[in-house]
Amino acid sequence: MQITTIVEREKVKLHNGVLITGLPGIGMIGNIVGRHLVESLKTQKIANLYSPHFPHQVFMGKHGGLRLIKNRFYRARGKPVVVLLGDVQAISSTGQYEVADVIIQYAKKIGIKTIITIGGYSTGKISEERQIFGAATHKSLVQKLKKHNVVFGKARGSIVGAAGLLPALGRLRGLEGACIMGETHGGYVDATAAKNIVMLLSRYLGIPIDIKKLEQKAKESEKILKKIEEEIQKNVMIPYEPTKRPVSYIR
Amino acid sequence: MQITTIVEREKVKLHNGVLITGLPGIGMIGNIVGRHLVESLKTQKIANLYSPHFPHQVFMGKHGGLRLIKNRFYRARGKPVVVLLGDVQAISSTGQYEVADVIIQYAKKIGIKTIITIGGYSTGKISEERQIFGAATHKSLVQKLKKHNVVFGKARGSIVGAAGLLPALGRLRGLEGACIMGETHGGYVDATAAKNIVMLLSRYLGIPIDIKKLEQKAKESEKILKKIEEEIQKNVMIPYEPTKRPVSYIR
Amino acid sequence: MQITTIVEREKVKLHNGVLITGLPGIGMIGNIVGRHLVESLKTQKIANLYSPHFPHQVFMGKHGGLRLIKNRFYRARGKPVVVLLGDVQAISSTGQYEVADVIIQYAKKIGIKTIITIGGYSTGKISEERQIFGAATHKSLVQKLKKHNVVFGKARGSIVGAAGLLPALGRLRGLEGACIMGETHGGYVDATAAKNIVMLLSRYLGIPIDIKKLEQKAKESEKILKKIEEEIQKNVMIPYEPTKRPVSYIR
Amino acid sequence: MQITTIVEREKVKLHNGVLITGLPGIGMIGNIVGRHLVESLKTQKIANLYSPHFPHQVFMGKHGGLRLIKNRFYRARGKPVVVLLGDVQAISSTGQYEVADVIIQYAKKIGIKTIITIGGYSTGKISEERQIFGAATHKSLVQKLKKHNVVFGKARGSIVGAAGLLPALGRLRGLEGACIMGETHGGYVDATAAKNIVMLLSRYLGIPIDIKKLEQKAKESEKILKKIEEEIQKNVMIPYEPTKRPVSYIR
């Protein structure tokens, strides 16, 4: 494998399609959202993406199987919605650009018009009320998402990785896109922020999505977060510093 | 040399060929197995592989010779078996993907159907009975290897480097493949694990292989390992930590 | 994005054009000069440059916008002068060469004859009188710039990054070029050095440039520098070491 | 500049040409030898080599000039001898392979048959009698060089960088080659080892070479080395450890 490659399993042609990405990043929010969408919507896999810019590892499965690290595209049946789910992001900066480019070419080919990436916005504290921040390539998309209470202009700084590159590079190729970021501590997996974003996407896409499982996960994650917070306040525990990056960085 | 290149010394066309790899990795098991096969089977070199992703070094020989770092392909005479032997693996992740790709292209060209890579599975302890773990791309291959007591589904996590990439990437190109891993401490050269795998391959391939030399090496290595273990139990010695990687990583 | 790409917004054809670069570097002098030229001259953007060798980040704007990291080309109306302004330089050595190459190809296409890069020359001390040093590809250019009191042959050593690569690589492609370096401490933003270079460029290009805003900035930056110097002399403060590179390195 | 490029200044066609390389490395022996050959033989520059794998720096000259980092080819007038002189070697392993490949292509084009690289063989001690070690691609070349007291088979291990890659890769392309290594401490510039190699080359090539200047340099360098040794024996000084690499590594 010498360049990033997409292997299609099924030919797809959407009208005004939406691509939603669920890649690993801050608070694992993108990944949780992506997994939930793939499981809750009736989806089927339409393509795999392999890249020499992913780590040179393969995964072993429960039954003695063996598979390359990859990103996967799932289509929601009967809806113009595709979910991108991934084990990893490319491990170098040039790799990130190459992978993003290949994803956008594929997206255009199958009729995607809008790319919505999901990430976390790390604040370094555990807030009761967690907002959903956004940044988008076109004003019309900003307006549409604002109606669903996505907050624009408040998250500042830069977005690191695929969550930022995909919409920004997509714009250069004639697509529109937004990055949706769940406000989160940054040092912990945050199922509540993920749940909020799934609810937002359900409204935005006009597709009912069952969130029971996610609500359960969110409750558990809240208990853990509350406990962590109490420990911090008792000064018993030093909070885990999410990253050495400035707080405004997102993945 | 700007891309990975194979220089053929002899044209080969096999029917349902098997490629066995003996590259450096955990416990040097792959390398020992590969060397023993090349020496015990009647083999002749059919190709060299050079790559700009290998270190920029050359080796000096006993008689004042000079040669590039390379990987070598040996064919077992009269059998559809090829052994890949190497000084090194590629030094970057993208390099590993490129080298694996070139190996697979060559393998297909000469009629290889199955790629069997040999590695070590590091457990961090010295076991009396060392199992042989496997992971494979096809159920049929799992079944075949199980008959020879290869244990599937027990080794978990990920396999780093060519031992994993070759079968997993080969599958994408229409080949079948397995990674055979000798259970080992991970911090020491393990000739016993290598011997066990050679015996397995002999049965699996239906080719008698003389293991006298390897038995000798294994006995010596067992003595050393026993001594190390005794020292550890006397708390005289701190065991060498095999890697900083989790125990389930294999090379 | 798999290679460095220029997206033209307007077709331009200059006669004996001059390209002036304002990229980040020592004392932020290049950047300040570039920004001031773009703001003071009547300029309009003619092209954007994107590169996979830039960091894999995107910037969020005040109003919820989202954009790739880029370098931008601005043309001064009615004058054969183009200013290159950038957020960043390429993050690897091979990336620097690629980006420089693409810039030079574009420069030649739009009729640029001379590339003038702006940098800082770090001396590690705060001088009252700050000279402007130069290095150029052709004697004729050395002579022209000497008339405007640019000092040649005194700055020695090597120039790191685009400030050096663009004129030196441009020469190989048939262009002439110079690097103009403001003498500066190296550890602080130096608006005075930037102001001096803008005044030089105004004379050299024969274009009046309003420097009121820059004079204001320079006064403020001088106050800060004087204070820093006083603190250093009182031994209260250890001066910030500009770089680990030898003093003669420039960006 | 996106790939390594040779810019020819003069067309050359040699018969059984010899390429001698003088690149920076251990003890600066290669570089001193190369410089002395270029200065002592009547040479003229025939080509420059530029590479994106060199550092992204340019050099400033005495008179305010500016030039790219490069490697240079000089031809000895009336002799089939070319000297390669360089500021630097490529900074990555893949870069080293690419640059070596481009050099070999050019060497073949101008009629080079034999590549002789000059390096240092670091022993970590200051010997009175310093031997010249060799490693070569062909037995015939070993024999020829042995007649001139080059010692083969004693230097073991690996050679890092262009000194090893050029002859070894050249062999793959149909050339013959040797690496000539001056025994040296490794931590100091060694003009004596360089002088010995120049004398060897003079005999081997059958070209008289004036070594007066080099003898002067060698005397001075010997005085310095003797002083260092005395200091070491007085235990006043801790010897500078040449490298973290094993002693048998050469550049």
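A, B, C and D are the chain letters, set down in written order, and residue numbers restart from 1 in every chain.
Rule of thumb we're sticking to: a contact is a pair of C-beta atoms (placed from the backbone, for glycine too) under 8 Å apart; a residue touches a chain by one contact, two chains touch by 3 or more.
Keep in mind that this is a model prediction, so the values were computed, not measured.
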Touch-network distance, subunit B to subunit C, counted in steps: 2
Chain of greatest Cα-centre distance to subunit D: A
Rotation, 0 to 180 degrees and nearest 5, that superposes subunit B on copy subunit D via CA atoms: 90
Fraction-based call for subunit C against subunit A, same above half, different below: different
Euclidean distance of C-alpha centroids - subunit C vs subunit D, Å: 38
Mean-CA-position distance for subunit D and subunit A (Å): 53
Subunit A, residues touching no fewer than two other chains: none
Every chain pair meeting the contact rule: A-B, A-C, B-D, C-D
Complex contact set, residues of subunit C against subunit A: 1-2, 7, 50, 52-68, 91, 95
Residue ranges of subunit C in contact with subunit D within the complex: 93-94, 96-98, 100-101, 134-137, 142, 152-153, 155-161, 164-165, 167-169, 171-172, 177-179, 248-249
